[in-house]
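Next, two complexes with subunit A in common: one pairs it with subunit B, the other with subunit C.
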Partner chain A sequence: MEFDFSPVITYFPTLLKGVGATLLIGLVVALMSIIGGQIVAVISLYTRKVVNWPLRFLIWLFMTTPLLLQLYFLYFGLGQWILIPAIAVGVLGLGFHYMAYNADIFIATIKSVSSGQYEASRSLGFGHLATLFYIILPQAFHRAIPQLGNNMIIMVKDISVLSAIGIAELVYLSQYAISVTFRPFEFYITIAVIYYLINLLMETGQSWIERRAAARR
Partner chain B sequence: MDINLMIEITPLLAKAAWVTIEISARALFFGFFIASALVALRTARILPVRWLARSYISVVRGTPYFVQLLLVFYGGPAIGLRLDPFTCGVVVGAFNIGAYMSEAIRGAIESVDSGQSEASRSLGFGRFATLRHIILPQSAGLMIRSIGVLAIILVKNSSLVSIISVVELTYQAQRLIGSTYKPLEVFALSALMYIVILYAVMGIVEFLYRRATRYTYL
Partner chain C sequence: MTQATDTPMVELKGVKKRFGDLEVLKGIDLKIDRGKIISIIGPSGSGKSTLLRSINNLEMIDEGSILLDGVQVNRPDLKGLAFERHINHIRQNMGMVFQHFNLFPHLSTLENVTLAPRKLKGVDARSARELGMELLERVGLADKASVYPSSLSGGQKQRVAIARALAMRPKVMLFDEATSALDPELVEEVNQVMKHLAEEHMTMLIVTHEMAFARDVSDWAMFMDGGVVIEENTPDHLFSHPDQERTCHFLRKHLGNPG
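What follows is the complex of A and B.
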């Protein structure tokens, strides 16, 4: 057993491209799942059963089945009826998956805002929607920040799964490099280190955001 | 919906679902021992040992399970580690969940008020006896609940083992989608099986939780 990291250095630009793709996908999915999760949570809490029951069923379905199964269904399954590019399937699949998890958090934090807040705001003359947007949701979002951060850290790690449906992110591009150089160990170790660094960065960012959020209370 | 097809593929998926259960159960079993060892190492007297355990937990939690799986399965032979796919799934699953579980166990133990162990030590209980008779009974409830959450994550993560060609539920589902061209039926059936497994896990956790907290008054 001897290690040769020179192919890793040769293919480092390819890996960097992968890191870029991973981070870009992560950003899009984060925005989509947080904004979407907020919308889903509001709809499932404040509408009639006819609307929110199917929505809750979808949240439940996304949370009880594995991500990879959902991706296979979307990619190999829906592809028979409509043609969607792999990257769209990946981003949408991951986005919906984490949208369900984030919606679940938002539902809990919206419920945790005391009903006195709602009553006080209504008695001060705010309408129902205005109360929701200016009083309830900001407080609920504030309380959701730590858990949202945890979810997003988990999400970035799950981007690696997208390589299974052929999306050119970090792991997929390294697999390409491995198929040329036959150095799986060196490349996967490098990938692990890169992911660990991304993770460290995100954890630092999370605690920074949490401190800022706490200071603004 | 093609009911006949669904009946036809049920035995195939059920067999694959059993592999999912087997791989998760074994990983959970070995993971528990790894986690206990890590908890012990984290409180060891020797500093480098503590430091090693902490960095192991940090690295495992900081890298994707998917990459760990690929590293051990495809990169393992380079350092003389040749595992068949099923064993590789169990081993990586156990070492992965062990790191998460050690945090769960530590959290449950630390949730017990420190006055409890101080009182117990001053009454003449030894370190081990304090843990066995005072701390663990009080932290068991929380510990079982958090390990239950991890068991559910483990079952869902086991789908990733399909990437190293273990024929478990997700692998079989993907193959059936490809051969039958009936994605909705296959997805519905395999999703149902995952849901049944998850609810069974939740039922067991709830049963153990009630047993463990029989004599605790809160």
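What follows is the complex of A and C.
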């Protein structure tokens, strides 16, 4: 066996572009799925059935079907009638997919905030929405951090699935480099290491945030 | 909402409350004049906590009326958002202290105190801070301003909770068994804070199991059982010479003296 990592070095700027794309998509999807997840959780907990049952059905749909299928459906399925740009499909598809998972977490942590917190806030004169906003949601958020972090780490790895609809993220660009250089082994090893490093970074960040939040629970 | 000084601060007329088939308040009348302190004692399930919670509508009453400084608290005529606005405004004038403190764990001690004045009264950050520090000073916890509730003892938590309630400058303070969840050695520090409030002529309604404290601090004492007021009198009379057999029996159990 002979290893030759020089093509990897040659194409490293291309890989870095992929890393940048992956991280940027990851950031947008993280924001979208965390903020959206909270909104979905609040709606499904505090509104009438007419509103929240369709929403719960959508969550259920996103959680019980594979991400790849969802992307194909949005891109090629809907593409029969309307062509949505791949990057929009990728971000929205991944965003909704993880929004569903995050909403599930928020529903549980919102429920776990004691009714005493709600009563204390109301007794000061805060209304229902103000109580949610100032008292319940911040606490629910702190409690959700460990699971949210895990979800976001899995999400970043799932961004590689977007290569299937032609988005130039890390895996997609490496495919391109491999097709030119015929060194798949070296490239895949390199990419695995890159994913490992991103993971490590995220885990470190997560435990730092968790430590800071621990005092406030 | 300034009224003639002879208007009672709090007035309840024929208040009834049911939980399903169970009637927990069977027609309660109560009057607290401004600056006065009333204690309510009674066995568990007597309805005394429900009564206190009814006053700021944490429990919605089924019949009767509740007035705060001449303004009606329960308003069966108001629905939905109109009632929400009404009750939010009323509640800003009442301070409530809970058995389990219910401090906001995600906010520092100072933020717990300043959140309501800042968000509800629009007090600016600096004035709110001054107000918060002054109140924490009053309950002896100015040095804990920046810590989070999780690092406070039970007694300290309850003192912060009192400061939080005072921050809205309430007309009346409602204490729902404020010391019942505390270790015995921590009860005194909370009682001290309540005594100071009494000396400053805060109007207070106290639901408590602390007989000695109730006797010491109150202007008037009520004994409740089974959703009715069995007996009410000056604390000296009620605790030393109760007129009713049930009061006698209850006090004997709790004080170990024949009454």
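Operating definition for what follows: the second predicted complex is superposed on the first by the 214 of 217 C-alpha atoms of A that agree within 3 Å, B and C clash if a C-alpha of one lies under 4 Å from a C-alpha of the other, contacts with A are read in each partner's own complex, and residues count from 1 in each chain.
Here, a contact is a pair of C-beta atoms (placed from the backbone, for glycine too) under 8 Å apart; a residue touches a chain by one contact, two chains touch by 3 or more.
Quick caveat: nothing in here was measured; it's all calculated off a predicted structure.
Asker: Have a look at where A:Gln139 lands relative to subunit B and subunit C in the superposition and call it first, second, both or neither.
Answerer: second
Asker: Output check: A:Lys157 vs subunit B and subunit C. Expected answer is one of first, second, both, neither. What do you get?
Answerer: In the superposed model, A:Lys157 contacts subunit B only, not subunit C.
Asker: So in the superposed three-chain picture, is A:His128 touching just subunit B, just subunit C, both, or none of them (first/second/both/neither)?
Answerer: second
Asker: Going by the contact rule set out at the top, does A:Leu15 touch subunit B (first), subunit C (second), both, or neither?
Answerer: neither
Asker: Contact-wise, after the overlay, does A:Leu200 reach subunit B, subunit C, both or neither (first, second, both, neither)?
Answerer: So A:Leu200 only meets subunit B here.
Asker: Check whether subunit B or subunit C contacts more residues of subunit A in the superposed model.
Answerer: B
Asker: Contact-wise, after the overlay, does A:Ile189 reach subunit B, subunit C, both or neither (first, second, both, neither)?
Answerer: Touch status of A:Ile189: first partner only.
Asker: Tell me the contact category for A:Gln80 with respect to subunit B and subunit C: first, second, both or neither.
Answerer: After superposing on A, A:Gln80 lies in contact with subunit B but is clear of subunit C.
Asker: Shared contact residues on subunit A, subunit B side and subunit C side combined as an intersection?
Answerer: none
Asker: Spell out the residues on subunit B that touch subunit A in their complex, using ranges where they run on.
Answerer: Touch list, subunit B to subunit A: 59, 61-68, 70-71, 74-76, 78-80, 156-160, 162-163, 169-170, 173-174, 177-178, 181, 183-184, 186-187, 190-191, 194-195, 198.
Asker: What part of subunit C is in contact with subunit A in the complex they form?
Answerer: So the residues of subunit C touching subunit A come out as 56, 58, 84-85, 88-89, 91-92, 94, 96, 98, 100, 102-107, 115-116, 119-120, 148, 150-151, 161, 164-165, 168.
Asker: If you look only at subunit A, which of its residues touch subunit C in the complex?
Answerer: Result: residues 114, 116-117, 119-128, 130, 134-135, 138-139, 142, 215-217 of subunit A touch subunit C.
Asker: So in the complex, the part of subunit A that touches subunit B is made up of which residues?
Answerer: Its residues touching subunit B are 1, 3, 61, 64-69, 72-73, 76-78, 80, 157-158, 160-161, 163-164, 171, 178, 183-189, 191-192, 195-196, 199-200.
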